[in-house]
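Both complexes below contain subunit A, partnered by subunit B and then by subunit C.
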Partner chain A sequence: MAATVEQGKGIGVAALRKEDRKFLTGRGRYVDDLKLPGMLHMAIVRSQFPHAAITGIETSAAMAMPGVTAVLTGDDLEFAAGVPCASNPTGQMVHPTRPPLAKGRVRHVGEPIAVVIAADRYTARDAADAVEVGYAELPAVLGVEAALADGAPRVHEELDSNVGLVLAHRTDGVDEAFARADVVCEATIRNQRLIHVPIETRGVVADWNPASDELVVTSSTQVPHFLRTFLAIVCGVSEAKVRAIAPDVGGGFGAKLNAYAEEFIAAAASRKVGAPVKWIEERSEAMLATCHGRAQIAHMSLAATKDGKVLGMRAHYVQDYGSYLQMLTPLISQLTFLMSPGAYAIPEVDVKVTNVYTNTVPTDALRGAGRPEATHAIERSMDMLAGELGMSRTEIRRRNFPSEFPFTSAIGLQYDSGDYGKTLDRLLELSDDRETFARRREEAAARGKLLGRGLSTWVEVCGFVPSDVARNALGLTPGGWESSTVRMHPTGKATVITGTSPHGQGHATSWSQIVETELGVPFDDVEVIHGDTAFAPYGLGTYGSRSLAVGGTAVHLAATKVRDKARLVAAQMLEASPDDLDFSGGVFAVKGSPDKRTTIQEVAFRAWQAFGMPEGVTPGLDETVFFDPPNCVFPFGAHGCEVEVDRDTGKVEITSYIAVDDCGNVVNPMIVDGQVHGGVVHGIGQALYEEAEYDSGGQLVTGTLVDYLIPSAADVPHIETHRTVTPSPTNPLGVKGIGEAGTIASTPAVVSAVCDAVGARDLDMPLQPMKVWDAIQKGGAR
Partner chain B sequence: MKSAVTMTVNGAPRTAEVEPRTLLVHLLREHLNLTGTHVGCDTSNCGACTVWLDDEAVKACTVLAVQAHGHEVTTIEGIAANGDLHPMQRAFHEHHGLQCGYCTPGMIMTAIKLVEAVPAPSDEEIRRGLEGNLCRCTGYENIVAAVRAASEVRV
Partner chain C sequence: MIPREFAYERPESVADAAGLLRSHGDGARVLAGGHSLLPMMKLRLAAPETLVDIGGISSLRGITDAGSYFEIGALTRHADLAGSDLLGLACPVLASAAAGIGDPQVRNRGTIGGSLAQADPHGDLPAVLVALDGEVTAEGPDGTRTIPARDLFRGFLTTSLAADEILTAVRVPKAPHSTYVKFNRRAQDWAIAGVAAVVDGDSARIALTGVGAAPVRAEAAERAFWGGNAAEAAARAADGLDPPSDAAGSADYRRHLARVLTLRALEEAIGG
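For the complex of A and B:
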């Protein structure tokens, strides 16, 4: 039995990832790799109009095509409920009903109307194209201004207006703060509509067994357990008969934090035709029908003294919900609302969010989910305020950082720990001083380049969320806990079963590191299972930078419980008192007589044999913990970047990028850096390239990757990553989240740099060359 | 309507009956069960489907299966020799050049040809060489590092 334990890959080590090998060799198992006996393929007929009544669906031509099994419309498939939304911030909000397959009415281009089930995907697509839908067009609402206009057509007739929800919070002294301010700085700041574009699109294989009535759904999802619950509710079946599986998932970024119409349709279609049904989303479908993100306008105003102390903030955000509520649509702008003051101690606030329906794809979480919007608005505002006061952009920030933690913002959030000056100091140390930069700027000007630099000092709320807060403050249906099982096998190996659902984040590696540290079981002896509701206790999944702070803590606590039980068994084996045992590196030893020792592996074997167990101790080492965090966590940092703008073309090149982040203690620095890199580039995409656009007829203009540009390797800079460590008091590991940090930080940093380069007060994203060139022509450029 | 196509795939002769419009990527994935080659778009932008046709990296979503008739095709499943990872695969592992893994096979197939064509590439050459392969997870930082490292230990 194992004896020597190498403490090589515990917490803090940049362990290489154990999940890599299958991906490197083409042996990953993504949903489209799955083939089941008798499996049929589904293609979807989607609305061509942004708002229309369906007057008829002609399916006979499609049905007549060889290889077609069925053509199903909203009348053919019965559902017990509509597509679910699990967020109701005020508890009073009306959720418009949305049948998974349209019934009589469509409200955005791309809404599913009918499906074809056929022998292969080519036939299914051909037949879907042969389905003829009759439409009576209705006036469509495009853009939030149109939605809010007097007499605007309504997206949902059952609602009084297109306003879905208004959230507001106002402190008593806000008017007084504005009255006594030396300056008031106002700006309108836009977060354009974005599309997530994980490189793997959505996809689902639904297998409804007609004999047992069991439903197995394999889906490219971030939330398999939610999916199971919602499949049960929407399809009207026992949740105990439903199994949801997230196989290998090719990226999510919030796009797969949902339970989608297509997942319910595939399940119902499988039941209807009595065979497994596969649906793999085409990219152009993904652009049209997977939820979008951002689409928010902020009207900001900051009241400040002339020495740069911000006395008050008015923020009014207008969020475009799109046509329906997806799983968490209302939560997103609520998070903007909560994080509106950003990293600053602003004593008085007046914050309001107006959320409106339009005839577009629903918006929902996109990497950062509400916090990038808040951060961009406040960071841009701080820059503009600095400009108005003639103060440096770093100084204005420093003067408004909270001085003590925990810090309670004027919104009422308690920021758990922080030291914002520390990350900013580090960034400045790493950056050129003023003189050097000024000299380089002159040199660049001689080459026809405008040099600029910018920064952001960001903070976010993540590690969602104490269940009481989920319910009472956020109005979420589910709580915010996470689960984990840690199981020792008789042969001394360990299995972790986690409720998180990684899709690139490397949980198999990080969770193994946690187990090695807690139990002394070597990293390589630990296997991590995730994403299958048949094996796992209920888990809430992976999103909102919550996995480590909540799910990793659950792993830590389950491992601790295993260790505590093992101590009792070891004490019996060593004929000592449990309190007399030391435990380190996987070995229990009697204090003072270190040769009286036994390993965790030997204890696991003994606990499996289970003879002579101590009084009241049950067999086995297999513990499950559900962890409900006492607070959220608040990672923070300072990002800086430098850009070169071509004076003649307006093209922006980011020439250096420095990230200084603080996410508390770090389990695997390599993985943390990787998350920062990916996040930063995602944010650069928003700043420079990406925008989902509808034309005046409600058609999506950016319907493919030709029109919707996500950054390639050639479009982005080398990213330097640095860290400070301020442990979180919220969980025993002292960790925070890092998955969204880069995205939150980089967008305002890049815009700050471009504005600095061209001498603009602010610019709307994306900063495509034409827009930047215009700004240069308008003057101000150095 | 179906035609028989024969080609060498990862060193072994393979034959399949396909419709003339069948894409090489679908032949590989659906007929030959080589699912390591992925599909990420419908406009030949993402490069997730990259394989080698004879000695060239191509996007298998832009090649018809019948066009590969009589040729040699190599996929991600075919580059590790006797269970040893190809140096490029190893470099991606050692430099954390992958997260979700979906872009990885295409990225590696492109990268190997890149360092064959440009033996000691600069970072800029690497970035330009990978322009046709999109990754949404890694921000490319560690992919570039991996390709750079692999270019130094080429076999």
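For the complex of A and C:
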């Protein structure tokens, strides 16, 4: 009987996530669930000082402890290369070398100095505490101001200064635009340092088989293939002998878009001791030693006419790199640079990014990665400009939206498609009108509450990235394509092998929906494999809201290729010409004689038998596609929120939140909503709660979740999600990314609302109660 | 997040527990709900050699209505206090404070005895006990004694319990006009400041959380309350306070909060 797909779960259906049963019933399999015979455990001795020379490492007490196999320092483990950085925006940038285990010098609190390998994690930890490190403290630079000061101590002696890289772009007419302007609005806007806090910390099991010289590394990573390549380079082994596996991964947010010292150390240690080595990061270790994000200051100035047309923008960003370059550290502020004008057609720009080393943990991608920084700076600036012009915050935005797409910004990016006015209109329709809001504001004041509302109109660049852009515009080592295999089995089921590497996004579901739509193979008959370099064609992984636009497209194209081949086989089976076949719902039928039909499953069986295949058609239905996108994609939207601020305490409560987003065509509306929810909450975290802080001695003072506040369900409002659909011309699915959108949009919207409530021009995040209360005291709030 | 090695004992009576504490000496610690002690051990801020888990002593759990007061076993969980209709009506300050502690996991494990013995300056229950003028029973190898709230809290994480004494029960008077108002940065957080207010006709007892090394009686505010004037009392709530300054709140902000929260607490207590 033909399997038809009437009540299907193809593209556009809010299918429940097929991976969730496993996660919700505790049957996911994470790194720490892996237990190998003879496996040993690693604990890491980390620097206590932000900058020091190591004068000695006394390991004998630790070695003497029962159960300890080895104590290894930078002198014991040989590496062929340092911790890699795959980004060099100018091609001229010097990458300071960083051995995975410190050699003689440490540059941030938490830098690995030695490791203990022991029979269990408790022994390993106790022994790590027993390792005595001698330090000669060196002057440290903490914060970008200190790093840029005259005579500042240098983080890296091999560099001339603490400035790692300067990027600049200036259009010819910018001075003239500022001269001509009626107003110039200036502001300094800070994106504080943040910590990712995925629910699963980092973890790795490295198994170097001394007999075969094969290395298998299972790691909680977003990028297993990159990891394999870098393991080969850093550990100096044949890449063909390295297998990297990302099992189920409990969140990443960019923290696991990296190849970390600890992954290389575990591999080298496994080789050294001849046994598998497991390292599971502790939570406080994760706060201290996994890369951080944001840490950027923007000095903005906008030149505008009195009717609100922005003529020019000067933006000077200062990015804190931390002490070393992680995999994509330089890319992050480069993305800020590229998206500096945000959703506005600003004709003249003068943009500069100064990137600075400090004695803190390296910064790298954190959900949004450079684009939240850009968006926050421009959105706050637009609010302030509106205030200076006495214009509404919506009107000033509307007057500066690009009118035509594709739109090329003054930076040179081509925004693929958009209709920014439409999402803003929709937001306004969904929000109270001015009078109603004013009345509610008075009612709230009678209760001691200051009501405010705010918005952001955001756009981002994502779906990374055309490989030539990766090379020419970004200076990345790898390109930006993605791969997928679609394989039909003899019994009519399908397997998708994807180069993307989900860690919460629901790829198994979305990819199955794409296959159902293209091939008519029912959703439940599709399995998705990912994360194992032994099985998958090379893939670049999951980050930068790229998976659907690039990896999903690869799935679509591979499925299309399977269908095209199946058509040839079906034609042979039906004794018709391929062009004479209709295909729908998994059924090939001869045009005009619909009872002459065969299903995709029957075709798969025949292709496996390979009996009587058409001339020149090879056996099997198994196609692999590598897709290199012609452009990035540019999702956009308008978010609005309302807050109530307690006048007497300064505490902020978000009372309503409306997100209107446009990510082109939608494969699974429920997953898109979920991504928006999570993203919005993440952005609220930055706006109201989160900040990683070092004290004047370079110690991280927000090293636990008691001090580093992330929002919980009880802190966040109901989030309304709405959409407009402007398909992307960049890929055949017409899709754009949505994983980072909420984060990019919500932070400025919330700050906008709080400033509105308390009558402040701008406030530095996070807007914790004392800060808001101070603003109320200073500001003569309504 | 990995504690040092420790030995583990699970006695079945208070007497056995006290005996174990004495025989193990300084290296032993009582384990109740574990929600202060275990985090400290995981961070290696505490490293007891032996844990004496009193969780198996079932007689230590429960709320008894003894007429004019309640007798509450030391192992009674925060969730039990928060969910008790008896307390909700006749001692809302205790029920409301317990309801605002941490998150459901914390409330399902943490105990009243553990909270009081921990004497965390940001913990909510010490101030409640002080405002209620309650008392605790302590049992050690040498016998049983009663410690009034004012003598229990000695400073930062310090009580007058001896190392081999076990807090077995808490006694608090009924106080139908009472409440606890907590202020934190985020749901489930520890208090930046909190106010326990117990109103009895014309008089009030007010104790503050988070503004000193131990709970602080707001005596000036109590005097100013005479006759039931909440606003006048609140205005004096920060008199003489010397609160700490930290990332969550400066000393000034905490003084301000003491006044604001005292007003809210008194109004609610009077209304209640």
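Here is the rule we go by: the second predicted complex is superposed on the first by the 774 of 782 C-alpha atoms of A that agree within 3 Å, B and C clash if a C-alpha of one lies under 4 Å from a C-alpha of the other, contacts with A are read in each partner's own complex, and residues count from 1 in each chain.
What we mean here is this: contacts are C-beta pairs under 8 Å (C-beta built on N, C-alpha and C of every residue); 3 or more make two chains touch, one makes a residue touch a chain.
This one's a predicted model, so the numbers in the text were calculated from it and none came from an experiment.
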For A:Gly28, is the partner it touches subunit B (first), subunit C (second), both, or none of the two (neither)? first
Could you tell me if A:Arg283 is touching subunit B, subunit C, both of them or neither one (first, second, both, neither)? both
Which of the two partners, first being subunit B and second being subunit C, lies in contact with A:Ser712: first, second, both, or neither? both
Could you look at A:Glu693 and tell me whether it touches subunit B, subunit C, both or neither (first, second, both, neither)? second
Of the two partner chains, subunit B (first) and subunit C (second), which one does A:Ser238 touch, if any: first, second, both, or neither? neither
Please work out whether A:Gln505 is in contact with subunit B alone, subunit C alone, both, or neither, and reply first, second, both or neither. first
Once the two structures are superposed, pull the subunit A residues common to the subunit B and subunit C interfaces. 122, 282-284, 704, 706, 711-712, 714
Flag every residue of subunit C that touches subunit A in the complex, lowest number first. 1-2, 4-5, 43-44, 103, 183, 185-190, 192, 247-250, 253, 256-257, 260
Residue numbers of subunit A touching subunit C in their complex, please. 121-122, 125-126, 129, 282-285, 648-649, 651, 689, 693, 701-702, 704, 706-707, 709, 711-712, 714-715, 768-770, 773-774
Counting only contacts in the complex, subunit A reaches subunit B at residues 16-17, 19-30, 32-33, 35, 120, 122, 196-201, 248-251, 253, 282-284, 503-506, 670-671, 673-674, 676-682, 704-706, 710-714, 716, 718-719, 742
If you look only at subunit B, which of its residues touch subunit A in the complex? 19, 21-22, 29-30, 33-43, 45-46, 48, 75-77, 80, 85, 89, 92-94, 96, 98-105, 108, 123, 126-128, 130-144
